[in-house]
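Each of the next two complexes has chain A plus one more chain, namely chain B in the first and chain C in the second.
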Partner chain A sequence: MAALLQVTDLEVAFRTHDGPLRAVDGVSFAVDAGQIVAVVGESGSGKSVMAMTLLGLTRGANASFGGTAQFGDVELVGATEDELRAVRGAQIAMIFQNPMTALNPVQRIGRQIVEQIRAHEPVSRAAARARTVELLDRVGIPQAATRVDAFPHELSGGMRQRAMIALALSCQPRLLIADEPTTALDVTIQAQILAEIEELRRETGVGVVFITHDLGIVSQIADQVLVMYGGRVVESAPVDAMFDDPQHPYTWGLLGSAPTAERARRSRLPAIGGSPPSLLRPPAGCHFAPRCPHSFDPCGQTPALRDRLADRPGHLDRCWLEPGQKRRLREVDGQIGLAAAERAG
Partner chain B sequence: MSAAGADRVPLLAASGLQQRFPVTRSLLFGRPSSYLTAVDDVSLALHEGETLGVVGESGCGKTSLARCLVRLARPTGGTVHYRGQDITHASARQLRPIRAEIQMVFQDPEASLNPRQRVGQIVATGLRLRGVGGSAADREVRNLLAQVGLNPEHVNRFPHEFSGGQRQRIGIARALAVQPKVIVLDEPVSALDVSIQAQVVNLLDDLQQEQGLSYLFVAHDLAVVRHVSDRIAVMYLGQIVELAAADEVYGRPLHPYTAALLAAIPSTDPARRRGRHRPAVAPGEPGNPISPPPGCRFHPRCGRATDVCRTTQPPLVAYSGGHLAACHHPLGVESVGS
Partner chain C sequence: MTRFIIQRTAQMVVVLFCISIFTFLIFQVIPNGNPALRLAGQAATPQTIAAIERQWGFDKPIYVQYLDTMQKILTGSVISYSQQINVLDQIKRGLPATISLAGGAAVIWLLFGMALGTLSALRAGRFSDRVLAVLSLVGISMPSFVVATVALYLLAYKVHVFPLSGYVSLAQDPWQWFLHLVLPWFSLSIIYVGFYSRVLRSNMLDTLAEDYVRTATAKGLSRRRVIVGHVLRASLIPLMSLWGLDFAGVIGGGAILVEVVFNLNGVGQYAAESIQTLDVPPILVIVMYGAFLVVVLSAMIDVLYVVLDPRVRLTA
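Right, the complex of A and B next:
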């Protein structure tokens, strides 16, 4: 069965005052129906640009693209605006980080959802409104029949995010792109929204691209994980393999840096030294090499993203290190982490 | 853990602290029609050399509490003591020597650093207050920058020339310039990426070890708070619902709200991941601090709530090991001692 979405060698570059900025540099991955693919990375890793490019939201005079993104019989990167408009909202929906800026503040939420339904389907206003109330109810908004006439500012942050999910679901999309959908929310509300997204996936079989910087969320809802660094995917694996046997030093660093509620005080966090690369002038070869305590000569060349473990064909990484050594190298105080750099840096 | 803490005079202490803000005023000289009680009868003490974490969700009053403690705001009730001295209503002049001992680091380094001042000037302001000037100040600024892990050569740069993590380091250097005893940190790492967050957390840890600083660490991220704190206070709608040693709060939470908060943290812990169990999530949302629910403020979201919870506010009671919790039906405690 062909994947729902197949992204191959996606490249996005922006012409800037200071030269070309390669925001996305050869990203490939696939999403199946009913699958949650998490994309993790820090600010500037290219994860949001990658997602927005799938919906044609990064197009502009200074942007150039490469590679393909096949969604059914539409190729999204080269699609015309008309083709994209037919897909956007109807077959691929997006949930943004900040619902306050993503919803229209001067329109009642119901009207925004009705508008989307009627843009894609020939239904009456009344039928669309009835479906809207149903949707709001379904995503857990209490008193949906009255809240349908609320303005976004009249709802709490959690309720606004639910309204946005209702908007995203209104045309039964086959693919949902969620860009940090819970980052602006409190933990107890975040847990509710995550449960909601998981339930939707189970019930409707929607495929989800879930962008986040929070490894805890990844471990809880993802099936497949992509780790992005400096515009590239540095590791791609099923979720358990990613956490139990991570292959890329940047992934080790991420796992080590995140304090966990289970870890007691005074265990020093094995932080990653330095800061992420500039995408205007990325380092030659492996983008992580300047911050990597394990870098050696071959790192001046860019390693391909491929499977390096004989017994695990689905686990890809971009690292020249010998897989056999990694288990030893990534061990810091009995936990996975990045050892302190020997060099200052 | 400070066993001797009880008989020592705490460094910074709040007692029955209350902070109310008027919400709506009728035209001109009208009286406020209602109040938002951001901090409601909060008592806590920060001891020398310790880190006291304050956690809670947005709107629980943790930032208002922090601002009252450093007297950036004047509380509407209760008292604040610094080394036994009442500073609740101290004037700006009286506060001056105390300001040199209590510093604050803010959440958003973008907004809390003057964009038109060079880093050297920003950090040197505190030095001037200490009476350090001229070439001695120059040397000291460079020392401070090096101490927080910045390049001393960058004294003449502006804040916008630094990354978010570096800007937070500048804020820390500015706080250190007056050689404070206490630093109140309001969400100091929540605007930062994880790898940078870890660097700043480690830096704070080093500074505490070297200089014997005391921290009041306010944050919403329970994992970070656990990592840095000796003791933790959990706030809900303006009140402390639980206060205990960090390991106690995480290992044996007594208040159902604390338990719900802990359960809601997405975990990378293999044991919790394996089961992929969806923990009991507190339903609903925090109430409105303008008209909080009667009785226990958490009762509308609590699975253990009974009639008494709907009518009577539970007091903060000490359980074994000095573990404080405000709940009629604490978890894992059979009958509540009267």
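Right, the complex of A and C next:
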């Protein structure tokens, strides 16, 4: 069975005053129906640009693209605006990070949802409105029949994000792209929203690309994980393998700097030293090498993203180290982590 | 709402008070300001002048003169020095021309400003945007009397497309009313068109970067619907307050130069003539009437804001 979405060698570059900026540098992955693929990475790793590119939202005079993103019959990267318009909202829907600013502040939320339904389906205003009330009710907005006429500022952040989700679901999309949908929300609301997305996946079989930097969320809902660094995928694996046997030092660093119950008593969370690479002048070879305490000669060449574990063909990474070496190196204080980098000079 | 009206009314009283005092005092301190000298004529004896001063009350202390004048203005019985006719009647006579001029021009500059501003924003950075930027700067820097004079010369004197000058009332002959106003409308509008299109362009560029505009695109709306329904709507809100205040300024006698060049006999022209003869009562009344319009229209804009932007609450 062909995947719902097959992204192959996706590249996005922006022309800037300081030269070309390679925001996404050869990203490949697939999403099946009913599957949740999490994309993790620091700010500036290219996750959001990658996601928005799938819907053609990064197009502009200064942007250039490469690779393909096959979604059913449509190749999204090269699609015309008209083709994209038919896909946007109807087949691929997007939930944005900040529900405070992602809804139009001067329009009632019902109207904003009705607008999307009527842009894609020949239904009457009344029918679209009735469906909107149903949707709002379904995503857990109390008194949906009256809230449909609320302005965004009259709702709390959690309610607004639910309205955003209702908007995303209104045309029964086959793929949902969620760009840090819970980052701006309280933890309790976060859990409810996640449960909502889980349930949707179960009920409707929607495929989900879930962008986040919260590993707790990843372990909770993802099937497959993609770790991005400096515009590239550095590791790609099923969620259990990613947490049990991570192969890339950057992933170790991410896991090592995530707060856990045992670690809560320690005074300080370990952080990955240094800062993410400039995408204007990325380091030659492995992008992570300058921050990696385990870097050695071969790291001046870019390692391919491929499977390096004989027993797990679905576990891909971009690191020159041998799997046996990796298992030794990633042990820090009895847990997975990244050793502190030696101070230069 | 009641609170809002009360506060705005109080504000208006303060504004009118300050403006009237200021205007009144200016004409007390400028050289050759004594109106009795002009009322008496060229070969007047000191006795005649003294008699006139007594008759008009110019010999009284300034604050008494001010209070007398204000009382006459508020009761509608104030008369001008030069022609000695009722000032309010004169203004009423000029109002139809001024309202016709201001109303038509305001519609023209809003429509053209919107069209050019939108075009500029959507083509930002490209050739057509740069051409429009230069054109609007030219429009902003050209004084309306220059535009008016050139237009008059070319389109009314050289080629007889439009009548030379004067005002024909709408009730009398709608077509002539229109013909007589076309040149004044455009002469007055050009500067505002330039200004409004620049303001709208920058508003729209700001709005285009908003998250909710990206959401609108991600919903699968056509570019046109995104622009008209989400970008333009939000960008026009701040433009409305400019528009209201500029309209108030023009209708309050601010289009002096255009009214004079086209001899429209409106309120602005009356103000110009009164200034030439240092005729304080009409100047005072016109200034106060202009200020009154500005305050009232800005209150109306605040109410309109509540309708346009649901996040706004009325506060004075």
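In this text, the second predicted complex is superposed on the first by the 337 of 345 C-alpha atoms of A that agree within 3 Å, B and C clash if a C-alpha of one lies under 4 Å from a C-alpha of the other, contacts with A are read in each partner's own complex, and residues count from 1 in each chain.
The rule is short, and it goes like this: contacts are C-beta pairs under 8 Å (C-beta built on N, C-alpha and C of every residue); 3 or more make two chains touch, one makes a residue touch a chain.
Quick caveat, the model's predicted, so the values are computed rather than measured.
J.: With the two structures overlaid on chain A, would chain B and chain C clash, or do they fit side by side?
T.: The answer is fit.
J.: So in the superposed three-chain picture, is A:Q220 touching just chain B, just chain C, both, or none of them (first/second/both/neither)?
T.: first
J.: Name the chain, either chain B or chain C, that contacts more residues of chain A.
T.: B
J.: So, does A:G158 touch the first partner chain B, the second partner chain C, both, or neither?
T.: A:G158: touches chain B, not chain C.
J.: If we overlay the two complexes on their shared chain A, which of chain B and chain C does A:L254 touch? Say first, second, both or neither.
T.: first
J.: Which holds for A:I272: it touches chain B only (first), chain C only (second), both, or neither?
T.: Touch status of A:I272: first partner only.
J.: In the overlaid three-chain picture, which partner chain does A:A119 touch, first (chain B) or second (chain C), both, or neither?
T.: second
J.: Just checking: does A:Q190 make contact with chain B only, chain C only, both, or neither of them? Give me first, second, both or neither.
T.: The answer is first: A:Q190 touches chain B but not chain C.
J.: Would you check which partner chain A:R85 touches, where first means chain B only, second means chain C only, and both and neither mean what they say?
T.: It touches chain C, and chain B stays clear.
J.: Examine A:L136 and indicate which partner it touches, taking first as chain B and second as chain C; both and neither are also allowed.
T.: Touch status of A:L136: no partner.
J.: Enter the shortest inter-chain Cα distance between chain B and chain C once the structures share a common frame, rounded to whole Å.
T.: 7
J.: Under the contact definition given at the top, report the residues of chain A touching chain B in one complex and chain C in the other.
T.: none
J.: Contact residues on chain B for chain A in the complex?
T.: Against chain A, chain B makes touches at 57-58, 163-166, 193-199, 201-202, 205, 220, 222-224, 226-230, 246-247, 250, 260-270, 272-273, 276, 278-279, 281-283, 285-286.
J.: Chain A touches which residues of chain C in the complex?
T.: 125, 210-212, 214-223, 225, 229-230, 233-234, 237, 308-311
J.: Okay, in this complex, where on chain A does chain C touch?
T.: 52, 55, 57, 61, 81, 85-90, 93-94, 96, 98, 101-106, 112, 115-116, 119-120, 151, 153, 167
J.: Could you pull out which chain A residues touch chain B in their complex?
T.: Touch list, chain A to chain B: 42-43, 156-159, 186-192, 194-195, 198, 213-220, 240, 243-244, 253-273, 275-276.
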